[in-house]
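In the two complexes that follow, chain A is the common piece, with chain B as its partner first and chain C second.
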Partner chain A sequence: MGEFFNQYFDFDVMGAHFSEVLEGFLRNLLLFAVVVVLALSWGLILALMRQLPGRKLLPIRGLTIAYIDVLRAIPILIIILLISGGIPYLEFLPKEIRIPQWFGQPDPFWFGVLALTLVYGAYMAEVYRAGIEAVEPGQMEAARSLGMSHGQAMRHVVVPQAVTKIPAPMLNEMISLLKDTTLVSVIAYAESVLIGREILAERFNSSAIILAGAMFLVITLPAARLVDYLIRRNQGKVARGAHIEVG
Partner chain B sequence: MKKTRLTALFAVLLVGVVAMVAAGCGGDDDTTGGGAETTSAGGGGEALTVGSDIPYPPFEQGKPGEYTGFDIELIEAIGAKIGRTPEFTDTSFETIFRDVAQGKFEAVISAATITEEREEAVAFSDPYYLSEQAILVKEGSDITGLDDLSGKTVGAQQGTTGLELGKEKADAGELRPYPEGPDAVNALKSGTVEAVIIDAPVAQNAVEESGGVEIAEKVPTDETYGIALAKNNTELLDEINQGLEEVIDDGTYTTIYEKWFKLEPPKEIVG
Partner chain C sequence: MPEPMLRLQGINKRFGALEVLKGIDLDVARGEVICVLGPSGSGKSTLLRCVNLLEPPEQGEIFLEGQGICKGPDSGTGEQSWELDFVRQRVGMVFQQFNLFPHKTALENVTMAPEKVLGQAAAEASAKGTALLERVGLADKLGQYPQRLSGGQQQRVAIARALAMEPHVMLFDEVTSALDPELVKEVLDVMRELAEEGMTMIVVTHELGFAREVGDRVVFIDEGIIVEQGKPADVLDNPREERTKKFLGLVLER
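And then the complex of A and B:
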């Protein structure tokens, strides 16, 4: 038992390597921040493409559904390996795109951004879709009967109501995303888990990895409480029969 | 009816999971554990549990159940001398010394360099291999050696001597630690790193098997590989040293060495 604590909870090791692990964790946060913006946008685009009306747009709907299903069905690790290993070989692309090193970030960062955005866009599209489908169909019908196009009705009536229903599940996706930024360590992005494992190789002690875990907790635990609060608040509103305001 | 079947299915799955966990958590002397990654090399004698980070060609490679390579064949030859049959567990290199010290397996043969740091945690056998590091580059690269790595993006495997060498001797612009050696070679081929510092035989193997890459420079390191054991396991250590000596004396070592490295073994080992 004592050995277990020495191996995983050696506070001397944690203290000695705190700044290195923190630096790694800030890289997790940076990756998260960039991906969350892109994935929220990409997810909304996917969700809207999935809701396009009419027979003519059936191929777009089909392709979108196929994309969402496939990307959700493949382990993210494989997508990361495929993108980082594959894109540099696409020789018709200029080198700045095959091996992106924009804004002083190394290429593993940008491969991680691309992989996580593609996958989390699909996850988030499903959350948007749940929100959109939770809006009463009468809302769309009423908007259309007032002469709005499908796009206008989506933009001014349906989506504004949908987004008020999804903060809790969306926040859950964001918590998962933050944790999944550690997967990019597999392509040598120097985030907290990779640094923790480096320290393990050097000191034969796993405490730095636990320290990285603690840093995640600082963010994810309050976020989980916030999810609960949002769910309760939403249920309270519904119970009181309040109408959600439409902007 | 349908519900009953489903319940039965879950019950079977649950039993399976419990059985696997039980096998995986077995104590030091549990050599019969049926985990999927533990594989017997066949032959007679009591099992010798061996940890190795696979793949690391040509030292260790192959699929579970049919592992092969220089290390694998050497420990099998030593096992034959001491009447033990190696059973291999594929494990991660960065935790391998901790695991052998804790008794998860009895011995480690994993192209492991003998260092003072590691000797604090485990006991090493007599050296069975002399190692050199190689600077691996793309064919036609203008990098000719360690001195040219200044400012370059350089890859290496996490927790290895190559990474240490990169940190200490190469003035690299960025040093990237990959989880496995082949990941670093892959990154070299795709052009995301400009050089890889890795054990010379691994580099040689990459040149032959994958092509498109070449060795710019071999850097001698005065390093030797050893078989690692828990410190208190002195009896087995003596047996393994004895077995290794016999394998070297009767020429088996030279046969295995030439098979895997296509080179004569160094005099420091075979005398």
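And then the complex of A and C:
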């Protein structure tokens, strides 16, 4: 038992490497912050493409559904490996894209941004879709009957109501995304888990990895509580028969 | 005879295997108020939804002010087309469930389409919207959100919202059916005024009193066809067809 604790909960090791692990964790947060903005936007675009009306636009709907299904069906790790392993060899692309190092960030960072945005865009598109489908069909009909185009009705009537119905599931996706930023360690992005493993290799002690896990807990646990609170608040509103207000 | 405001010719509508409208012919004169009666599932609502292309008919042609507006089953669903713009800016619709936009105030509900569709300036739309809400007796509710309004008030906002687009024809789809009995009158009163001002109206309703008093013509629909039509007094008091008699008997029993 003591050996187990020494291996995983050696506070001396944690203390000695705290600032390195924290630096890695801040890289997790940076990756998260960039991806969450891009994926929220990409997800909304996908959800709207999936809802396009009419027979002519059926191919776009079909392709969008295929994209969303496939990206959600493949392990994220494989997407990350494919992108970081593939893009540098696409010789028709300019070098700045094959080996992106914008804003002083290394190329694994940008490959991680691309992979996670592609995947989480698909996840978030499904959340948006749930929100859009939860809006009464009569809302779209009323807007259309007043002469609005499908796009206007989506923008001014449906989407503003849809986004008020999805904060809890969207926050769940964000929690997953934050945790999944550790996957980019596989292509040598120096985030907290990679640093923890380097320390393990150096000192034969796993405590730095546990420390990294603890840093995630500090953010994800309160976030999970917040999700529960949002769900309960929402149920309360539904039970009282009220619409959810945008404010 | 002057050109009818609206002419329906051989309108057919099916949902999969279910044929809802089986060849409807109907002319509506300018300023006429037509009350459509019929049992539930008879196709009354579908007929209204065909007129403004929310449910484009499979067969038949619709002429609005002489213009053919049907372009087959895709008419109402696809991207914005000339026909859709033409129809939706001339035909207003009020729904059974109000369908007010819950995230907008009463006034914003009324001004949204004039601003976004007609490109009215905010001040102009707001002044007109205020006048319309005053007209339906809601001058003191401009800033209220729909959830704070009674059903009757919500439905009057919905009427004002449709009128804001300055339609030539108004469609009413069982607009009092979801209301508590004591709230029905305030909505019917607004509709009565509208009729007196000369609005062309097609009113799907179970309110026989309103049909008798305000309607120029009553149309009885059952199983997707027009069974009987005529002056309200004739159809309501001396129905010729068995199906009309049976239906009126059931409604009056309530």
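Criterion: the second predicted complex is superposed on the first by the 244 of 247 C-alpha atoms of A that agree within 3 Å, B and C clash if a C-alpha of one lies under 4 Å from a C-alpha of the other, contacts with A are read in each partner's own complex, and residues count from 1 in each chain.
The working rule: a residue touches a chain if its C-beta (ideal position, glycine included) is under 8 Å from a C-beta of that chain, and two chains touch if they have at least 3 such contacts.
All values reported here derive from a predicted model rather than from experimental measurement.
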{"item": "Touching partner for A:R225 - first (chain B), second (chain C), both, neither", "value": "neither"}
{"item": "Contacts of A:G85 with chain B and chain C, given as first, second, both or neither", "value": "first"}
{"item": "Touching partner for A:F204 - first (chain B), second (chain C), both, neither", "value": "first"}
{"item": "Partner chain in contact with A:P53 - chain B first, chain C second, else both or neither", "value": "second"}
{"item": "Partner chain in contact with A:R233 - chain B first, chain C second, else both or neither", "value": "neither"}
{"item": "Contacts of A:R98 with chain B and chain C, given as first, second, both or neither", "value": "first"}
{"item": "Residue numbers on chain B that touch chain A, as the complex places them", "value": "93-95, 97-98, 102, 117, 121, 153, 155, 158-159, 174, 176-179, 183-184, 186-187, 190-192"}
{"item": "Contacting residues of chain A [partner chain B, same complex]", "value": "3, 7, 84-85, 88-89, 98-99, 106-108, 185-188, 190, 194, 197-198, 200-202, 204, 206"}
{"item": "Footprint of chain A on chain C - complex, ascending", "value": "52, 54, 74, 76-80, 84-85, 88-89, 91-93, 95, 97, 99-103, 112-113, 116-118, 145-147, 158, 161-162, 165"}
{"item": "Chain C-facing residues of chain A, complex", "value": "53-57, 136, 138-139, 141-150, 152, 156-157, 160-161, 164, 242-243, 245-246"}
